[in-house]
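Heads up, there are several structures right after this.
Both of the next two complexes hold chain A, though its partner changes from chain B to chain C.
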Partner chain A sequence: MVDEKQLRSIIEQVLGEMELPDINREERHEIHAAAADTAVSYKEEGAEEGVLPDISQVNVRTQYLVENPRNKEAFYEMKQYSPARLGIGKAGARYKTLPYLQFRAAHSAAQDSVFSDVDPEWIKKMDLFCVQTRCENKDMYLTRPDLGRRLNEQGVLAVKEKCRKNPQVQIYISDGLSSAAVMANAADVLLSIQQGLKSFNIETGTPFFVKYGRVGVMDEITQLTEALVTCVLIGERPGLLTAESMSAYITYKGTIGMPEAHRTVVSNIHRFGTIPAEAGAHIAEIIKIMLEKKASGTQLKM
Partner chain B sequence: MKLKTTLLGHTYEFKSLREVMAKANEEKSGDKLAQIAAENAEERVAAKAVLAEVTLEELRNHPAVPYEEDEVTRIIQDDLNETIYKEHKNMTVGEFREWILDEKTTGDRISRASRGLTSEMVAAVCKLMGNLDLIYGAKKICVTARCNTTIGLPGTFSARLQPNHTTDDPKGIMASVMEGFSLGCGDAVLGLNPVDDTAESVARILKSFDEFKRKWEIPTQTCVLAHVLTQMEAIQKYQAPADLMFQSIAGSQKGNEAFGITGAMLEEGRDLMRKEGTASGPNVMYFETGQGSELSSDAHNGWDQLTMEARCYGFARHYQPFLVNTVVGFIGPEYLYDSRQVIRAGLEDHFMGKLSGVSMGCDACYTNHMKADQNDIENLASLLVAAGCNYIMGVPQADDCMLMYQSTGYHEAAALREIFGLRPIPEFDQWLEKMGFSRDGKLTPLAGDASVFLDEQMRRQEDGR
Partner chain C sequence: MRETIISVGIDIGTSTTQLIFSRLTMENRAGSHMVPRIVITDKEIIYRSSIYTTPLLSREKIDVGKVQKIIEGEYEAAGIDPGQVQTGAVIITGETARKENAGEVLKALSKMAGDFVVAAAGPALESVLAGKGAGTDRISKENRAAVVNVDIGGGTSNMALFDCGKLTGTSCIDVGGRLIRVEKGKVTYVYPRLQKMAAAHGLAIEEGESVQKDKLWSICRWMADQLAMALHLKPEEKEHEGFYTNGGKPLPNQPVIEGITLSGGVAGCMKEEPEDPFCYDDIGVLLGRAVRENKELSGLKQFAAAETIRATVVGAGNHTTQVSGSTISCESKLLPLKNLPVLRIEEEDTGSAESLQKSLETQLELFCPNGEQETTAVSLKGDGFGSFQKIQELADVLAQSSEEKLARDHPLVVVVERDIAKALGQALKVRLGQKRDIICLDGIAAGSGDYLDIGKPLAMGRVVPVVIKTLIFNT
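Let's look at the complex of A and B:
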């Protein structure tokens, strides 16, 4: 792991290599400082002497590649209000090399998070047992959402056998559309929910992992465990801003075929969105209210 | 109607025209999901061979959803020019395909024939076209429409400026607007997909767009792509200035109900635009479509996604829209699995839109759970320009941070114009030159410098001191 000082120097180096020809020293310093501030949260292993800086770590908000801009400060300031890839300049009517590569890097992370599986070691380390939906592989998962909403036969048996019956709250984890999101956030969110619920004296069931899961499979799980509240932590379809965004879907007495509007959703859980520990506390709070008001989704008035 | 054929020594007997239409489609994951796709490649060709012998009249008599049950069917059927329909009704789909491609058949003749075509006929002929046929046929057809400016003129190619933002932040949106215009995007429309679908918020954004458009004297049109009722409320209650009224549409009444709309509602929206809209018109509507949306709301009536998509265009033309575009790769791999299917669908939708007589664009796009990447979408965009597509999207570096998908970037329209020798809409082209962003149809070194719009602001402020 690199420390903060090393990170600053990597970012300084990347920025130094970018074309910011007309920017005076003071302003350049400001841009660098802003970039480095954002960089602090990106700790990356493997950065060392003689290694090119990681282009995926550059914050697009602070990157400004337009050559000889008329009023760089004013647009730089406006750009801070947008996560879009702005101020990227051009090479003819095409992209400059650095933003081109950054885009490719972000897309590669997004695709990998969809098409890879959650590491079985991670599931083991989390002390979870693993069940599967009726999807047999990733392709089937992506093309047959109906099969991803039902557990396979062994899965049904395993949940019946291993899970405590009639808990107030059943929590489980599922890969969904981003394995990276689950591995980045689920451990902290789960811990935080459990701590929160414990402080409210609410008891939880046996957590487990569902492979190739769509959100809807939670209703079958509710029926099998006879939980009052069911909560799934599931990977969201990744965008290029982050491939690590996770959501929690929560129902009160869910049933197969229930309207989607009856689910409560906490989305955008990742290190640049709602941070995991905070999300977990918020979810525990929501569950407490659901149990009190006996409702979820649009039926729940918070 | 003969529904039986032999092919490669096997006999194929189809039960209905619906089955033939579904199985004649090129491979799509959505048709498999609906469990109506051909079992294998040979059966697909057998279905095409059967379809080639079906007449246009038989297609008219078998709409995907019965006339009595569905207002989309009623609108399409009632809008037909019966005289023109009668001229073509005895053609088989195979003959009609050749007629479209024939050197003696001009684009004007196709546009005239279009008035006598139902969407099932449009879909059927599309199923017998190869990708190059779709490009060749579509290229002949020229559909123009006028809002404040005229889109679709020969020699032009346009782009929607799509400045979407994760929280509708006013400054953040305007940063994207400035950069987009500086790269020559936005002659089709300046149009935002809002996060906040409330009339007040929509009105606020429309006002900021109108202000910017007036201040810089940009010859284009503005739109915020909220629900039609929200836009109407924004106009009536908050006096929002709107050039175009948007709505997502589907190919069946049930599909439209899932979007919360009816034909009457769109008519009401268009009436309001005529009376209180800011555009000169006469074309003041903007629609988006996309294969698979009917299946996803269980509103496909057992029909294939291509036919349901064709019906969107038949429905759309009733409202004489300025813009219609398919958002071809947004729906995901359960409907269009990979780049091959998305490219095919993009070309199909564009062809069918033009054959239906609407001003057609395409959001050439993909999501990250689809087996496609930016190279594929650049291929599709290039093929669409070759096919004479009116417009594509312009998003900052192709990455829509709000809708979490990738489309075409601000730079793409400019590059494609230069490659194919095309220009933006004439007034907009002149504006770009006046601003210094382009010269003789090519971007200048100043292009891409959004700060030009701020420089001027500052200078004016200083002048005022």
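Let's look at the complex of A and C:
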């Protein structure tokens, strides 16, 4: 068996070798600088000092690895229009090692954000109470979407007991498929929606958090709180571009079993998409229009 | 979502007056489940007027009545009612802008032309519009090169330099086809400054003397040399400095110019040279020939301009209007607002609430000439103000300073570059409530010294048209 130390030195060696021909000095410097912030340095008998670069910190938008390009600037400029992994070069018919590892890292981050929970400390700090759907764990959540659309018994009781009845607008937060997205964006979006609604003189109910929530559970919440408009801030299924994208689903007088087309959605909320504060302001206006027109989803013409 | 608006461009130049109508198409480029992003997707010219000689009452006065008649006639010929025109610009260019009643003409025309047709003058803006009308920005972008457009008109030559599509400088010199006029074999007019400089250069010319073709040819070649000097293609001689219009600045030395497009009336008659060089009663044809034969200028890569004599008017009609970001916050009853001077908060002042407030309040006082408040547009980049918390801090300063320094009945107008205007607008509304009207736009980069015109909302209130009248490159 290879022990941990040997493994580290092998990885270090591989990274060292692969970096040299692929990355120019500035990019390498950038990676090292990013790594210095994130990696934990360690010290062992006989081990070298230093840190491994954190490949997940490489900005895919600025990464350009094609060797001997015909026109690097022109390609680079076009690349700026897309977040896709373009201009990453190749080794024979395959990926280069660095893009391949980055791809694996992004995939792992996506999986992590699905399988991890929202930190209870974060929920506490946001001053939210927490209820759960009928799912008992992540596995059940992933395999039984139907159970993620209903609150468990305690959840129903808690919402009935703690939430203000008949608010114009009920907002809540749910983990959905990305806990990372919720922790990165939900605070700013919530504050911004609340401020926006206040500027329109629209009152809101008591916000809370739903664990193992699917979008559909919002309809049960609408019925329990008797809110006119219900808005959930929920983590999107993560992709390889970002694991931190969040959506807001909004309904006017939702009911259990209503058509999905009656939901209005604002997606792509993250720091490289629509920034959370501005998204919240936009959502507040959508809610205002919904209340005026008494409709949501495809029935709402905006 | 798809919406079209009609834009007008009116150019009253030294020698000609022209008009175009164009149709601007706006579309939402974001998916239906995303925050909207409305952009201008197409610009199509739907009507081009005839080219009229600019009517003058005297050398110093434009004939307002006649100009108005021309414009009215063209609206009628195009079948367009001023009420249909939603945006556009009237621009007074070249020597004409120095006439004593230029301001009065602009005012009269922008009133009758349509609700949000703005008035503008100034050599820097004119250079940019001509460059865009000639398509030089596009040519420079597609060829990834530094390309200059030289718009040679009657009174001035306007230069706009684009590098990879980006504007990097403008300049304007007094070289034009109507600076010397001839009629029936006699010289009838010489632009006084040119006359003085030419005399110093050994090319004395007097009004009333008979036309000496050789001398006029020498003057034209000398003027073409001035263009080459202005583009840094030829060492400057001592008279060169005197050619800059209103003592303006030369083009920057960098980037080195690789290509050129030529527009304007003089470029128009270079393509097909008329037999009689004096058929327009001026030296335009000769000047065109001199430019074409100039060694330095023809050493540059030559690109064909999309428009020649109409470049400036196309620029005024097609390229003055931009749309704001699609998440904004504004009281539409206040719009349109015209000629708002820009109060720019520079990046270095946005570090702390104190420096921000100081910069804002000191400058607000400057916009109070004679103790009377002008409505100003507060402009900042907005980098670093993306989080909800930072937006609150910014709103605190803006609300507090406007309460202290902005007169009661004035709206608070804020324009930022970064996409934060809706959140900022709502934050301001919570703070100021009914006390003050708020207009908060993003996607707009306006610098100190610029003027802003903000039109009525379009695309179901999502965006507003904005015209930035920039004076950056020439003071």
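Odds and ends about this structure:
Assume the second predicted complex is superposed on the first by the 249 of 302 C-alpha atoms of A that agree within 3 Å, B and C clash if a C-alpha of one lies under 4 Å from a C-alpha of the other, contacts with A are read in each partner's own complex, and residues count from 1 in each chain.
To be clear about the criterion, contacts are C-beta pairs under 8 Å (C-beta built on N, C-alpha and C of every residue); 3 or more make two chains touch, one makes a residue touch a chain.
These numbers come from a predicted model, not from an experiment.
When the two complexes are overlaid on chain A, chain B and chain C sit side by side with no clash.
Legend: residue contacts after superposition of the two complexes on their common chain; A:Val265 is shown touching chain C, with no touch to chain B. By the document's definition of touching, of the two partners only chain B reaches A:His107; chain C does not.
Of the two partner chains, chain B is the only one that A:Arg237 touches; chain C does not reach it. Looking at the shared chain after the overlay, A:Ala74 reaches both chain B and chain C. Among chain B and chain C, the chain that touches a larger number of residues in chain A is B. In the superposed model, A:Pro145 makes contact with chain B only, not with chain C. Of the two partner chains placed around the shared chain by superposition, chain B is the only one that A:Gly87 touches, whereas chain C remains out of contact. Of the two partner chains, chain C is the only one that A:Ala284 touches; chain B does not reach it. Measuring only between alpha carbons, the smallest separation of chain B from chain C in this overlay is 7 Å. Comparing which residues of chain A touch chain B with which touch chain C, the overlap comprises 71, 74. Across the complex, chain C is touched by residues 71, 73-74, 187-188, 191-192, 195-196, 198-199, 247, 265-268, 271, 274-282, 284-285, 302 of chain A. Touching chain A in their complex are the following residues of chain C: 31, 33-35, 144, 327, 329, 386-388, 391, 419-423, 425-427, 429-430, 460. Within the complex formed with chain B, the chain A residues making contact are 66-72, 74-75, 78-79, 81-90, 92-95, 99, 103-104, 106-107, 110-111, 114, 142-146, 177, 237-241, 243. The touching residues of chain B, when paired with chain A in their complex, are 29, 32-33, 163-166, 169, 171-176, 178-179, 183, 332-334, 337, 367-369, 373-374, 396-399, 401, 404-406, 409, 411, 414-415, 417-418, 442-443, 445, 447-452, 454-455, 457-458.
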